[in-house]
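Questions regarding the structure given below will be posed in turn.
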Amino acid sequence: MAARIVCFGELLLRLTAPGAERLLQSWSLDVCVGGAEANVGVSLAAFGHVVRFASVVADNPLGAAALGELRRHGVHTDTVLSAPGRMGLYFLEPGAVRRPSRITYDRAGSAFAAAAPESLDWSGILPGAALLHISGVTPAIGANGAAAAVRAVKAAAAAGVPVSFDGNYRALLWEAWDGDGPAILKEILSCATYAFINERDIALILKSRFEDRQSAFEAAFEAFPRLQAIAATTRQQSSVDDQSIAGELVTRAGRWTSPVHELPGVIDRIGGGDAFAAGALHGLIEGRDGQYTIDFAVAAGALKHSIPGDFGRMTVAEVEAAMAGENLDVKR
Amino acid sequence: MAARIVCFGELLLRLTAPGAERLLQSWSLDVCVGGAEANVGVSLAAFGHVVRFASVVADNPLGAAALGELRRHGVHTDTVLSAPGRMGLYFLEPGAVRRPSRITYDRAGSAFAAAAPESLDWSGILPGAALLHISGVTPAIGANGAAAAVRAVKAAAAAGVPVSFDGNYRALLWEAWDGDGPAILKEILSCATYAFINERDIALILKSRFEDRQSAFEAAFEAFPRLQAIAATTRQQSSVDDQSIAGELVTRAGRWTSPVHELPGVIDRIGGGDAFAAGALHGLIEGRDGQYTIDFAVAAGALKHSIPGDFGRMTVAEVEAAMAGENLDVKR
Amino acid sequence: MAARIVCFGELLLRLTAPGAERLLQSWSLDVCVGGAEANVGVSLAAFGHVVRFASVVADNPLGAAALGELRRHGVHTDTVLSAPGRMGLYFLEPGAVRRPSRITYDRAGSAFAAAAPESLDWSGILPGAALLHISGVTPAIGANGAAAAVRAVKAAAAAGVPVSFDGNYRALLWEAWDGDGPAILKEILSCATYAFINERDIALILKSRFEDRQSAFEAAFEAFPRLQAIAATTRQQSSVDDQSIAGELVTRAGRWTSPVHELPGVIDRIGGGDAFAAGALHGLIEGRDGQYTIDFAVAAGALKHSIPGDFGRMTVAEVEAAMAGENLDVKR
Amino acid sequence: MAARIVCFGELLLRLTAPGAERLLQSWSLDVCVGGAEANVGVSLAAFGHVVRFASVVADNPLGAAALGELRRHGVHTDTVLSAPGRMGLYFLEPGAVRRPSRITYDRAGSAFAAAAPESLDWSGILPGAALLHISGVTPAIGANGAAAAVRAVKAAAAAGVPVSFDGNYRALLWEAWDGDGPAILKEILSCATYAFINERDIALILKSRFEDRQSAFEAAFEAFPRLQAIAATTRQQSSVDDQSIAGELVTRAGRWTSPVHELPGVIDRIGGGDAFAAGALHGLIEGRDGQYTIDFAVAAGALKHSIPGDFGRMTVAEVEAAMAGENLDVKR
Amino acid sequence: MAARIVCFGELLLRLTAPGAERLLQSWSLDVCVGGAEANVGVSLAAFGHVVRFASVVADNPLGAAALGELRRHGVHTDTVLSAPGRMGLYFLEPGAVRRPSRITYDRAGSAFAAAAPESLDWSGILPGAALLHISGVTPAIGANGAAAAVRAVKAAAAAGVPVSFDGNYRALLWEAWDGDGPAILKEILSCATYAFINERDIALILKSRFEDRQSAFEAAFEAFPRLQAIAATTRQQSSVDDQSIAGELVTRAGRWTSPVHELPGVIDRIGGGDAFAAGALHGLIEGRDGQYTIDFAVAAGALKHSIPGDFGRMTVAEVEAAMAGENLDVKR
Amino acid sequence: MAARIVCFGELLLRLTAPGAERLLQSWSLDVCVGGAEANVGVSLAAFGHVVRFASVVADNPLGAAALGELRRHGVHTDTVLSAPGRMGLYFLEPGAVRRPSRITYDRAGSAFAAAAPESLDWSGILPGAALLHISGVTPAIGANGAAAAVRAVKAAAAAGVPVSFDGNYRALLWEAWDGDGPAILKEILSCATYAFINERDIALILKSRFEDRQSAFEAAFEAFPRLQAIAATTRQQSSVDDQSIAGELVTRAGRWTSPVHELPGVIDRIGGGDAFAAGALHGLIEGRDGQYTIDFAVAAGALKHSIPGDFGRMTVAEVEAAMAGENLDVKR
């Protein structure tokens, strides 16, 4: 049965150079809606869950369009506030061959970043939810965001709603406002049941060094008693268009690894990690076993690389077919 | 010298999602004209033959546009009737990476499917023709189509016009009207001189099992005395964008196999089999030897994968250059 | 306060030639979602009402995309069923100068038209609704549609939910299945509280002739005791791009006419009548006076002509500014 | 019954700035095929006649594409030769408001201009033809073109095939090679049965001055005994987008004038005169009376202004509807 | 001979909905470069002057692209600084029929607005210049902008470089930072030789009321002894697409008015006032008489309405042809 | 510090079929500016040098647009003359899979080719320059071009400005006017300090045969005493989309080879050699060591394959990152 899931974070507009052009080489931009938590929400809705987005958007046509796009993909937006200000933007120059993709952020001073931490009334949003999902981007965007993120996960913990946290550590964002990233993320992680983090994140937060991913995960389980599952991916990039991903899931009970998915001819790498997180949450929420969960997560993340835009738009049937290594010929 | 060839079948409009988008991800569709027999006809016209299309299209702007496109590619359309009704459509969502392409058919109830089997006056169409080409799609679309296909090949056989038949077995189409596919295809094959079929098709039609392709082909030659040549491809797909094809030609006199053509960066896989068939027919009609014929066929099929749309648009010189493994640098 | 409104009808995909091209002059089509009742629903949602769509769509990617687009514009789709079959399509060749726009319908045999009349469970849909809106297209598409439409309005009447009916008489549709249009529309109108019909519609339904619009409206009020308000537009077209509309509203208590809105440089005339109906329903449901209601309706209909696609996407503030004859310079 | 018509002239590729942009404001160009005689031929084919194009094109992909587009519109191309060289091009910057459209020609040195005057074998082309159509552009492009044009009309006259001549006087072309335009056009006109010329053309050719159009036409009938009909248009342009045209037809037996067609919102003015000529030829060839003929011609010319590209693509039914002042609302 | 002109102001990127779509109706945006002073500079460069832009842009790919576009149009950019921060943006939803165009500004916090007033070294920029052009937008964007604008005009006045000032009063911008617009603009105007202002601007700045435009202009000449010429336009808008403009020029010596230019089918109204200002400056700098100057200015402003984007791209010959009421037919 | 560099050659407009379409498969073309020397100039400007282009372009909107595009990329155009005539064009059909890209040239009779050899006043262009760059295309286009090229390099040699020469041998161009390529290239090479040539070019010019590249280079150093450095690439193409390049640099002092850069998913191969030349010139002019120089050159050439159009648009930082084998993940 479908779970009720709340995703909390900032909605962004992505403005992308067409084809493989350099940014503004020609004078048009493709626009899509994105943001780490929105991406997770859209994938979970495509998997059949009831997803509600909690956020603050600009009270202008850009904000309204972004909400419309969420609704189009089945995500409820009635818990999103509108406020004066601007939408966060990011400009993407897609890479090719051996030229990496480049993002120019233009998200400072957004309505979300300027919103007071107490803007959202969690007492009206959380009851009945099976999960609150949040990412490390929200606390990184400024003092308001950090306070809002901590407030959200504490409300969830208090209400008995499991928290999912995706690290997404962005050093530049933290540095821009001199925020104490490790301390704040530690506070958030202490409320989390599920975490999408790797050894680099854990080292940073726990101010330790680890010999390998496994020992980092063990340290995290020890440091954060609420934590039940950690998942992470390993990505190889032999060229911008030719990558591979694999993943692993570790719980207090066991460890499962996925096969490697080769990804020749990548269409859009942005949001691949969010689709992976959504896939893992699908398995975890539905109580599937560890192997299914990590295989589903990696297959979802892999499939995302074939879809333009931030959003994954895969059904459970499509992800399971990819897990099963279906024949790749035209489906008629 | 150019041969006169008649292709009989349904013209379809293909509506394709742009780029690698999911169907209707954005709100435009690229349109092209297709259909198995039209694809063969356009390739044969590009090879220099005089090709005439025989069909029934809707008497509306869509039908007129489809005929115009055939003429653009040098196929004569004066033996196509217009009738009330709709054009058959199919919607294509091109795949990428490990996400297969998907077709949503919308061809039920078309003017072609609704046309009476005796609509076309074969006595006016066949005289002087060197070949009648037909595919297994036409008899599969319904009782009218099945009757029309049988009527066509019998008229050709009676008129001494060799028949070429491309299996194209589509189980879903046959099931939709509960048609006896194997029986009808057997009747058609008994009139055919050239067949594009594989061991799966033959097993189905002869209600036998075969250990391998060769024994199936031998059984076909035995069952169908008119049959002089069978050709088939073998396709590998390591990803949606990275495939390979090879082919073999078997006659009562011998067997020839082509080298494998690697196809990295496939642009459009639809119509690849039709271009192969056209290539083989070109060799057979022109009386080329078996090796040239299968090599030309596979090179034509391979080149089709570089061209958007259903149609192959390669000249004989281009196919022969690909056969010869020409240098791939820019031709100035 | 926002009213809860149910719109019942068929969702269509519109495929439009780009620019002023003839249909398939170039090989791409712009796609949008439309249908008379969906158009009304989207406008009412843009005016702030809670709108729920009731329908049957094809259980394929086209149906799913159409529903997504409704949600994008704030219309709830949880009362739409998915069923095997095809989506109804229509191809639009936009006119220009003195060449009229032309529509090629391709809606026969759609999942909606094939749905059993009792598919929708009105006992779960209607409670709490302030309005059921339906158009004359639904009963025209066949015996199933006619039975479903009658069933819907009778359920509404029985549940005390006011019914709004937009005539939209399409002779070709009725003729295609030999339906008794006048008799069925009469049955529907006898359940309606609000009607968007003109003297031609009334004459047809009542099998009478009228000297003018007023006497036709009087006859309608006499024939249909539930009817409380009739609204109709008058359209002039000095060229395809240069039109004007005006409207009138008649109730049992009075008659109001709008000023004429000149519409030079029309962008998209399709859906103008639906935006007018939505505007009138907005005034009627909100209990505004007759003059506001007809002025709002005509201004909404007029503004629709500036927006590409079937849907109106105007806010109440924008319509009221147009009513007030706002300055037309750039709004900064 | 359909007449067999031969059009002789140069095929051009037109490269057009998109929208209302200045040339190369953005970096794409829309391409279409044009040329005065091809435009006439396509319109005549759309009116149901059997049209054959006689020309020389470059033996490269551009020439092949141009021929394909003619065939798409139903014009036969088997009497077109391919020769080494380039295709003639012209770049169009469409105007708007009060900024006129501008053409940058790039047609010097084309394969057509370089072709020997005797390239085409008229003895194989003309037999059975009801008309040879030619324009004043062909002789203007150089000594070869002038000789070829004279050769063509003399061959037609000798074969008893009526000649239609459209003046299209382009001073710049004649000056570029110092050709004696008046003398050569006089020679051509002396072979013509139908002429599309105005008082300016006649004054130039006859080296006279005329008080008005009528006296010029009278002088032409006197000077050219073969001439049976002259038609000309009058165009008003209150802005680039807002024009009107009217026309008159004069024969040795009478004079007929059309109503004025107002053309607000012009889409594409190029080819309007060619569509007018095609319309007049349709009436003349079919033996319609003078009033029908000039009304049909002007309606055809008027409708062309609604269609992007050089080609008119109107059916007889559409032109006749425009003649009749049909209602301009959407045709469903 | 060409004059050397310096334009000082902010470069903006404009992101425009395609066609007549509502903002983000579809998911692409057309991008162009704009800003009041850049628009003036590009037009002056197209008129043959040597134009140098002085500004501060973001040191990212967006800033670099904006500078490239200025250079493309012949404006020198070596006096533009790059600094950390963002580019100012504005989103344009073009209107149609009776729906006004709407701008959503997103320019707060730009690198230009954040730049220290003393960033630009005027002692290196002004020497040899014949003019410094500035608009009222720059001082309105914040304390930095106001100080920078005052600093610039004082430096010009001290260096003996005439100052041109275009009012462009934007109340919303001044209110956003509580700036004393009238006082600052007064300071700037006191340094100006040429002003593009109307009676509303003058009333605001002089805190007076005027019966008509003439008395306001007289008061301005009295209040600002340096001022030698004032020019202003009058715009009528019967619909979004159908406007007219006229202009007047007043000096201490006389007053000249232009004819009214009707503008049916407006393509892009943004930048019309800037093209007018550039046209007037061209006449003033070149020492043309008052009538030529105002006629050239209004013709330039009028022609701008036919060109997509912020920039005018008209040559002197084109403007003079429009002044002369040239024939509007295709220029070949 | 930035060097002042002069590039001399013809500017071309490239018209490219969109996507992987065959030429004019659909009816639009993407346009960009190119030409071997312009490509080198744009890359050098992107590397921070002061680049001036010397050429003759058509005095029409196409020539003006081409110059604007050079300026956009930071190349000065004040030493380019405008003259009557046409712009050279080339049509590109991009290849895919195993179908090679094809160029249809249309550059005969251009304003550049027609310009008198003495058109450019080198005494005003060369003083202060650190380099004159020229390619073997210019002398190949005809007697004028050959004379102009020889005149340019002699003027440079006389003025003490080092000459860089890129072979670019195009047999078809030389044959078209029966030019003595080897003799003329020999004359040019005798003035060159830097040469981009391979063993095939040298054999042709010296009318010798060489066993390998090294012996050819040695012969060149012997034959041309001014020559200080030769660089050349080696390209492998396993498919149209999957290539590799490596390079070597040889001076009188040593020899350096680069690593091989694998180029899967090539976006645009045109201009790759020009970007390589620009990279080598950057290293040579800046006095970098041989290894840095060849590594930078090959990395620049490799990166060009990721950018649509003729121009490289890479910064020094980007090239150096590619040299260093930077991580290919998204740069944020």
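Order of writing sets the chain letters: A, B, C, D, E and F. Residues in each chain are counted from 1.
The definition used in the following text is that a contact is a pair of C-beta atoms (placed from the backbone, for glycine too) under 8 Å apart; a residue touches a chain by one contact, two chains touch by 3 or more.
Just so you know, these numbers come straight off a predicted model, no measurement behind them.
Considering the contact criterion stated above, the chains in touch with chain A and with chain E alike are B, C, D, F.
Mostly differing positions are employed by chain C and chain D in their mutual contact, as under half of the interface residue numbers are shared between these two copies.
For this pair, chain A with chain C, the centres built from the Cα atoms lie 41 Å apart. Once the centre of each chain is set as its mean CA position, chain B and chain C turn out to be 44 Å apart.
One simple way to say how far apart two chains are is to compare their mean CA positions; for chain C and chain F this gives 62 Å. Shared interface positions of chain E, i.e. residues touching 2 or more other chains, are given as 22, 27, 102, 265. Across the interface of their complex, chain D is touched by residues 15, 22-24, 27-32, 60-62, 65, 86-87, 89, 91, 93, 102, 104, 106, 108-109 of chain F.
Residue ranges of chain C in contact with chain F, taken from their complex: 26-27. In the complex of the two chains, the chain A residues touching chain C come out as 68-69, 71-74.
Only residues 261-267, 302-303, 305-309, 313-314, 318, 322, 326-332 of chain F touch chain A when the two sit together in their complex. By the touch criterion stated above, chain F contacts chain B in their complex at residues 19-22, 25, 95-103, 105, 170, 172, 235, 237-242, 265, 269-270.
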